[in-house]
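Chain lettering (A, B, C, D and E) follows the sequence in which the chains are written, and residue indices restart at 1 in each chain.
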Amino acid sequence: GGEGGGDGEGAKGGKGLEKRTLTVGTMPVADTAPFELARSKGLFAKEGLTVRTQTLSGGAESISRLKAGALDVSFGNYVSFMLADTNKAIDVRIVADAFQSAPGTHALLVKQDSPIKSLADLKGKRIGVNTKRNISALLVKAAAKEAGVALDDDKAFAEVDMPNMGTALKSGSVDAVQAVEPFVTQITASGTGRVLRDLGAEPTKDFPIAGYGTTAEFAEKHPKTVAAFQRALAAAQAMAEDRSLVEQTLPSYTKITAPVAKEISLGTYPTEVSEERLRRVADLMTEFGYVKGEVDVPGLLIRGG
Amino acid sequence: MLEIKGLGHRYADGHRALTGIDLGVERGELVCLVGPSGCGKSTLLRCVAGLLRPTEGTVTLDGNTVDRVPDGLAVVFQDYTRSLFPWLTVRDNVALVLRRRGLGRRERRAAAEEALAAVGLADAVRKYPWQLSGGMQQRAAIARALAYRPSLLLMDEPFGSVDAQTREDLEDLLLTVRGGEGGMTILLVTHDIDESVYVGDRVVVLTGAPGTVHTELRVDLPAPRDQIATREHPAFVALRAEVGRAVRRP
Amino acid sequence: MVADRARRVLLGGAGVLLVLGVMEAASRTGVVDAASVPPATEILSGAVEMAADGEFGGHLGATVAAWLSGVLLAVVLAVPAGLLLGSVPVLDRAALIVVELLRPIPSVALIPLAILVFVEPGRVERSLVCYACLWPILLNTLYGLREVEPVAKETLRSFGFGPLGVLLRVSLPSAAPLVLTGVRIALAVGLVVAVSAELRAGGESGLGIYLLATQSGGGRPDLMLAGALWAGVLGLLANGLLVAAERRIFRWRAVR
Amino acid sequence: MTGKEGVAGKEGVASEAGKVGLAGRARAVRGFVGRIWLAVLLLALWEAAARAAGDLYFPPPTEIASTARELWWSGPASRLFLSDKALDDFGPSLTHLLAGWAIAAAVGIAAGVAIGLSRVLFELLDPVLQLGRAIPPPTLIPFFLVVFGLGTEMQVATIVFGAVWPVLLNTVEGVRGVEPLYLDTARAFGFGRATRILRVVLPAAAPRTAAGLRVALGFALILMVIAELMGAGGGIGAHLNDAERGFLPTELWAGIALLGLIGYLLNGVFLLVERRLIGHHRERQD
Amino acid sequence: MLEIKGLGHRYADGHRALTGIDLGVERGELVCLVGPSGCGKSTLLRCVAGLLRPTEGTVTLDGNTVDRVPDGLAVVFQDYTRSLFPWLTVRDNVALVLRRRGLGRRERRAAAEEALAAVGLADAVRKYPWQLSGGMQQRAAIARALAYRPSLLLMDEPFGSVDAQTREDLEDLLLTVRGGEGGMTILLVTHDIDESVYVGDRVVVLTGAPGTVHTELRVDLPAPRDQIATREHPAFVALRAEVGRAVRRP
């Protein structure tokens, strides 16, 4: 319940917030740089929020944790959120957009001396992806389809953890890997592999990758808290347009070193959720049969204030 | 006091070890069981102890059917090495069973040491059973049973592993102990015919396959028995010969 | 005694050095790819680097706490359950199906359900550890009880001890070595489950969480393996303590 | 099941045989009920609780069963109703499992006997082994990837790596706990080392080794799933992964139930074999 | 053949069980060891068998120092129940040791059954040791040792758990077997003084704490011994009394 009658926006010092301590699930990846920025610059505190974090290792258990109430808000990729929502695991609400791909942030790589020259050569080959039937596979399939190659999730893809992509490629366990930054840079810079295809280019140019989600129940019970979180994060996302700020933040919560931070490709950090952009994800998921039926994109958004 | 009626036992593998045993034992009596190896003496003792449920007949003790282990019972098992607990010292092996006698820790230890001294193990109280010789282990098992002061004592070849001298000492110890207050009833299995006549009030001879009672002999020898005098007594010699004949005749 | 211990430490140390030497040689000579499986010295220096990191202690502590409390809980549940089942055949027969159906279910497969039921990450982890540890302890307890010398049990029964007395004074002590073997297996399994659960499901803190973070700047197999080494060291320590305790408790066995 | 049929088949041959058959059947039924009442009771409670709660994540067992049937037992009768997915899921998984377990058993017993018999070897290897078995398999993925690559070898290696410990440890315990007089007897009669090990040490340690093998069989199943979860490839692990990530709790439960069932069957077979081989050891208690 | 010189043994816990034992045994001789319980008889046998490494002195067999178990040895342990393998039937327990004799499977079984029949266990060949009575287990252990046809046979109270009749039969069996080809050398521990004189060529009396040789007595009784005639022989009576005195005098 709310304490006192908080009046509208700018609930200074947390007055009127339904909940002042938020537990947020996050990951040590470049996508969450603005969130860390907001924490380090005190943007959440300014809104009267105390933010605690839990590290996530993947998309699926963030949904379980949201459902269980262990997390209030969680970072996660859109495919996971939409799958969870469509399969009625939880009624998802996207609180904020987090990350959008850009040239170089996602790539398909092959071994330096690989005979694979183009996407067309991928037919019958094994590709290492972080997770099957998820955002990484989606990006690869979209690109392959454009090149006229249809990839089957079960046959074409093998799951490899992101940090092991280089090893998997080098040992010949897989013929190609889908990687994100900073792994793309690591693999190319070490001479292990070369980029076969930049997945940050069309057809998945500026593709929405990840956002912050919560349950409908939480969003409805805590509208002011959610709004406060959104304001703080939006401010941080805006600040992240300044690349140098992101470069400074990265080493503080990941093991990306300052020199590497300067090298790697960074995506963009949108300041608000757009139904239209989200639909791109939903459409691809439908196209590749990741969901049975339609994703209710408008239903994911938090309406009004 | 102890009444065995039509007792028989068939083991799970179908082997018939005992059949139609009838035997009564009075309070304070010492009955010796003799008989060929494998005739069912140990089986009989287990039935009396309530450790084995007979497949025929009944055992009653003071009018109650024995269907579980009766109170105030002590047993010296034939397989004494396995009946001592290897994780306890000899003294603690004895002291353990005295818990049931409601004694304190110190009293238990004192009683245990006393009983062990009586069987000549005063120096071995702190050793573990596997540090003892065979005969010493057997004496430890005897001490345990005697320290318990049971009202019914079952002994399965309790003196088989000790030398002649020790054996005589233990026989006399047994006779002394049973003479104490309360009156101990004793069933003793032995292969030594002299011994059965020397310590027993009655000798029951079993024959085997399956075990049945062959003969019962009352031992009427003067009361305070003496290793030399009693064994030279003409009645002793006669009885001993009689038991010997009974055991030998199948 | 002292010479004994010295000998144990020396020989054990020699064994460890031998293995490290083989690993070092394998990487250095290129038998395995040195970038993916770094030589032992690099793994060791990675382990030292971790230890120097201020955050590491807290993470390690969190894992240890979840691990030990999970194993302890499993002991507290499984040993009495084993004694109960081992001495009440009716229950034992009926429980067999249930136990055998539950036992093969991997803790990792239960992560999503555990999150829903236990919510708080530390409790989730503890419950998973406990679940995995129950079975080896339970089974070993049951097997231990089966091996108890029947004459020893009969002895105590004949002195008028009830089923409980026999259970506590004969069955338990003679089954104890096997029960402890179960606990030792459980300790190792518990650690594996704890770290694996952290790696797979994340959480607030723990060795697994720390390792996840070390991989965020690019693949660092040396640090991953250093983490493995730390887990191994924890396991070694726990086992050492248990063995020392065993030696004290079961002196009668050791000397024989 | 077959026991019941066998008894029924004998019935009616003669009145005497009929009586025996009836008594036997009654005993079989009693035995069967004695074994399953608890499981049935728990299932019923679960069903009731799940229906009352109505939570998507905690479906009632009947629903799980029907999902499982749809997934795996909707195939043609000629294949025992196994569906394509069932063949994909079980075939390779079970092959890996059994291969891994067999290797773990062989290695564990051989090493266990060697270590149990030799104090030097025991002291040399003990720390290494204790260190090794506390290492979580996921941290070894880079290592496995390089040495075995993704695929069968890696999965089998993972299973062996995890399942060998209980066999090894229990065998060491068993060997060290062999009644010393058995060994003395063997030595006194001039048994050579090999005979002593084969004819005395192994049988004497058999009950404990068997306990380890049984625990290991459970572990092997668990590690099979872990290997499938962390490596590529299909199998039940991949099914669990898909179900979890696809937010299909009922399918997840079906997978978990399936694992339980497989483990149960494996254990049943194991116990049968064990009773055959070393059962007489302990029929002693009557 | 067997030469024991200055033999002594101190157990790991510091207990001194034997000291300064000197004893020679000739090929084909049957030497009986008697002495109080705990005096070190079993320890001595273990040293001779090479199962225990003596802490002082040496044992030599045919001129070779015994530092491991010598060839052609058989032992009947005092703790016979634990020396039978519970996972084998009685027959297989016997047959197992015959592997070393290079016999085929069938021959082994036949030899085992023959030896078991000789000790009166013809009906029990297919049973497991724990299905036998104590005395039957002991006889199984004896059968195992005899079937092996050892050149050196060590027996630690082998007839302690059987009835008088069986005991005599076994004594005679032993005397028959040793008379066979090859000439068996036998060291036999017993607590029965009559027995030691009846079967022995020589009786060695030990005294305890720590064990030393007290007396050696040569038994000069007519060759084919007979349970009745020999025991009535005046030399037997005299020897028996002498051994008895030696054992009793500490």
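Of note:
As a working rule, a residue touches a chain if its C-beta (ideal position, glycine included) is under 8 Å from a C-beta of that chain, and two chains touch if they have at least 3 such contacts.
Treat the numbers as computed from the prediction; the structure is a model and nothing was measured.
Listed by label, the chains that touch chain B and also chain D are C, E. Of all chains in the assembly, those touching chain A and also chain D are C. Note on connectivity: the fewest chain-to-chain touch steps from chain A to chain B number 2. More C-beta pairs in contact connect the chains of C-D than those of the other pair, out of C-D and A-C. The distance from the centre of chain B to the centre of chain C, each centre being the mean of the chain's C-alpha atoms, comes to 48 Å. Work out the mean CA point of chain A and of chain E, and you get 84 Å between them.
Contacts with at least two other chains are made by residues 58, 60, 67, 161, 164, 167, 171 of chain A. Contacts with at least two other chains are made by residues 13, 79, 82 of chain E. In chain D, the residues touching two or more other chains are 57, 141-142, 145-146, 244, 249, 284.
By the touch criterion stated above, chain D contacts chain E in their complex at residues 179, 181-182, 184-185, 187-191, 195, 199-200, 203-204, 206, 278, 280-281, 284. Considering their complex, residues 34-39, 42, 57, 120, 123-128, 130-143, 145-147, 162, 165-166, 169-170, 173, 177, 180, 207-208, 210-211, 214-215, 218-219, 221-223, 225-226, 229, 240, 244, 249, 252, 255-256, 259-264, 266-268, 282, 284-285 of chain D touch chain C.
The residues of chain B lying in touch with chain E in their complex are 11, 13, 15, 34-38, 40-43, 78-79, 81-82, 127, 131-136, 139, 156-157, 160-167, 191-193, 244, 247-248.
Within the complex, the chain E residues that touch chain D are 46, 49-51, 69, 71-75, 77, 79, 82-83, 85-88, 96-97, 99-100, 128, 130, 144, 148, 154. The touching residues of chain A, counted against chain C in their complex, run 25, 28-29, 53-58, 60-61, 64-65, 67-70, 161-167, 170-171, 182-183, 185-186, 190, 254-257, 260.
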